[in-house]
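Naming follows writing order (A, B, C and D), and every chain is counted from residue 1.
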Amino acid sequence: MPVVLLTGFEPFGGQTVNPSWQAVQRLAAAWDGPAELVTLELPVDFRTAGPALAEAVERSQPDLVVAVGQAGGRPDVTVERVAINVDDARIPDNGGFSPVDEPVVPGGPAAYFATLPVKACVAAMTAAGVPASVSQTAGTFVCNHVFYQVMHELAGRSAGGPVARGGFVHVPFTPEQAAGTRHPSMTLDVITAGLDTIVRTSLSTGVDLRVTGGTTH
Amino acid sequence: MPVVLLTGFEPFGGQTVNPSWQAVQRLAAAWDGPAELVTLELPVDFRTAGPALAEAVERSQPDLVVAVGQAGGRPDVTVERVAINVDDARIPDNGGFSPVDEPVVPGGPAAYFATLPVKACVAAMTAAGVPASVSQTAGTFVCNHVFYQVMHELAGRSAGGPVARGGFVHVPFTPEQAAGTRHPSMTLDVITAGLDTIVRTSLSTGVDLRVTGGTTH
Amino acid sequence: MPVVLLTGFEPFGGQTVNPSWQAVQRLAAAWDGPAELVTLELPVDFRTAGPALAEAVERSQPDLVVAVGQAGGRPDVTVERVAINVDDARIPDNGGFSPVDEPVVPGGPAAYFATLPVKACVAAMTAAGVPASVSQTAGTFVCNHVFYQVMHELAGRSAGGPVARGGFVHVPFTPEQAAGTRHPSMTLDVITAGLDTIVRTSLSTGVDLRVTGGTTH
Amino acid sequence: MPVVLLTGFEPFGGQTVNPSWQAVQRLAAAWDGPAELVTLELPVDFRTAGPALAEAVERSQPDLVVAVGQAGGRPDVTVERVAINVDDARIPDNGGFSPVDEPVVPGGPAAYFATLPVKACVAAMTAAGVPASVSQTAGTFVCNHVFYQVMHELAGRSAGGPVARGGFVHVPFTPEQAAGTRHPSMTLDVITAGLDTIVRTSLSTGVDLRVTGGTTH
């Protein structure tokens, strides 16, 4: 049975919850799919998130890694296309650290593309009534940092052995978080259905769909 | 026991459902509050929506009228502050009619303010975790038209008797409608919780809250 | 020769300039149209803006009044359709006053429609390459307050005499104001061209165009 | 005297002009800075834009390459941080070609970072009153394609010789393009001032500023 490592984040930015970790827990509690799910809550911390992720990969030896983070203000579940090798923090992380234009991995490649079937995941969520789209940027904060670390870790391990797939998914605020703001929101039920669809689609899709998910700018 | 008339709309604009009527039906099915609920599905039709509404008011003699409509693209439940005496259709209604700058009621006042406790409704929804805000415009399509008709009807009936309250509420697309677009969405569960809160708050609030719900422009 | 009263506002909300007054001054400096232009800078103050406006109307006896205000965040020149009889301040005015849900004019009608040829103004600006649209709400701050006062003043004076036209126009931030934010902007040249078009169109248009400027919500 | 290659694009997407090329021409006509400016209009064509760019680089041997493109809908001048090795066309290019998930350069790195002083350029524009920001994605259309080609070309030429700097800048619609839509706009004067600032800043800045230009997602 394949092993799936699913990560969410702790709260940050003044929030008391993080829907990424809430939804990961929900999915794990209800999971009955064709894989073993391993879950992990990551710190919103540039310095400790990467080692925690690497340690979990080492321990669980996953075939698939889906890291999930909160993107407050986005209206839909976004499957990220590319992680870039830069940390540029607009706000401090939970450890009070604000790197500016430093590499995630010194000497690492400028970027990694997700190896999830990004287009198939978006198409499957759309068919299931879950608002979703491809995103061309995961930002430059801890989400992009972890996304890059995931891909870097999997790239390093793939040499000579079977290749594990990985990627990153951003999810909206929940209604409880959005109440009192005018941000869009999505219930944990819908977010969890989206993550369930992403995991199942990634397990069952060999070759990604050739449909556009691009933007002109 | 007070009587509450709650209306939703039929689908329009290429949609196959209208969350306003879906949520009104859900609320009615689960309703256990201190009032009798009467529901009505209105046509998205400038010429027939008003008479249908008036007939229902005549029949049910409501103490409270809450008309609900779909505002695709808005992220939250919006309680409308004011109805204006103009029809200006950017798209044809379901009857193919596109009035431009015609009065809803010839000779009627330029506008009516909602007589719901607008601020208390928004505050109660926010406290309940339902994203909500005050809206300063209900547009110039059939929603505003019906809102104006509701207030005109209630104003006419109030002479010499007890005054019924009325207002209008716009709700977002559901996830199923928003999937494949990048519009924000809200599940029927959350929308229905919002309507439930609005009805209960309107029944129990004598004097509205004095909190701002304004905009600088 | 007809008399046109053109008003702008002083800065507010932490800004050091207000493009409405800057553009009014520019227009006046370059004006060569078929009317006498009288200009006035109004305070962003609920209590003193109305009397200042009324005094200027009394003094200049205008045939046309166009009040102009700043709408930071809007991308285009918006011609307002309707002024509503409510003050609801989200931020204090320059006098520190924050009315909530108080009438602009106690006992006044719920709203006044602009008597400018709103659609013709928008069409003429669009044809001239000035981004413009109809707005269904002027908000609930000092701009709406002054707009309501203008229309109330003109309605009161029209009894028994020739009717003066009036309305309100919102303009975007300038590039200098928007720099460092991600707000849209418009140069004073373009804003001034828009105001010039509005004044000339209002002077020369007897019957407004029957083209839609509506919204579905 | 250093040589600067400045490129714009031909119109696309139903437009009759492209402000990127209009502004490049304006800048060249008024240029009095400490460099020789070479300009080039590129086709919006995945198959021919790259060779045209490479030929111009070969011919002019630039010390600095700034490619400029139109980003209709963005409110400000955006300096792009990263080019990614993927073509994913949401609309066909001017040659009718719509690649989906194909590499810009087969076997090329996943991404290149701009070697312009991105933060210094944004800071200088902001100080000059030109709305500007850092962008984390240039999209997946011909703009990103050319940006990637620029960086790939310069990377290839840098081996063993002095390193030329390069990058990509997106500019908004002009008011003439935006009129009749509700898109934000920027006059050619302001766009040209922005490009002038970028070229001068890139020529005079050795080490980029360490200020944030990041996003949380």
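Following the convention adopted for this analysis, a residue touches a chain if its C-beta (ideal position, glycine included) is under 8 Å from a C-beta of that chain, and two chains touch if they have at least 3 such contacts.
Treat the numbers as computed from the prediction; the structure is a model and nothing was measured.
Enquirer: Taking touch as defined above, what minimum step count separates chain A and chain D?
Expert: 1
Enquirer: Among C-D, A-B or B-C, find the interface that matches A-D: by residue number, over half of the contact pairs should be common to both.
Expert: B-C
Enquirer: Using C-alpha centres only, name the chain that sits farthest from chain D.
Expert: Computed centres place B farthest from chain D.
Enquirer: Taking all residue numbers at the chain B/chain C interface, are over half used by both copies (same) or under half (different)?
Expert: Result for this pair: same.
Enquirer: Between chain B and chain D, what distance separates the C-alpha centroids? Give it in angstrom.
Expert: The mean C-alpha positions of chain B and chain D differ by 48 Å.
Enquirer: Need the CA-centroid distance for the pair chain B / chain C, whole Å please.
Expert: Chain B and chain C have C-alpha centres separated by 30 Å.
Enquirer: With chain centres taken as the means of their Cα atoms, state the distance from chain A to chain B in Å.
Expert: Centre separation, chain A to chain B: 38 Å.
Enquirer: Could you list which residues of chain A touch at least two other chains?
Expert: Answer for chain A, listing residues that touch two or more other chains: there are none.
Enquirer: Chains as vertices, touching pairs as edges: which of line, ring, star, complete or other describes this one?
Expert: Topology of touching chains reads as a ring, each chain with two neighbours.
Enquirer: Which chains touch which?
Expert: By the stated definition, chains touch in these pairs: A-B, A-D, B-C, C-D.
Enquirer: Using the touch rule from the top, collect the residues of chain A that touch chain B in their complex.
Expert: 75-76, 125-133, 175-176, 178-187, 189-190
Enquirer: Tell me, which parts of chain C touch chain B in their complex?
Expert: 13, 69-74, 81-82, 84, 86-91, 98, 100-101, 109-113, 119, 136-141, 143, 170, 208, 210-217
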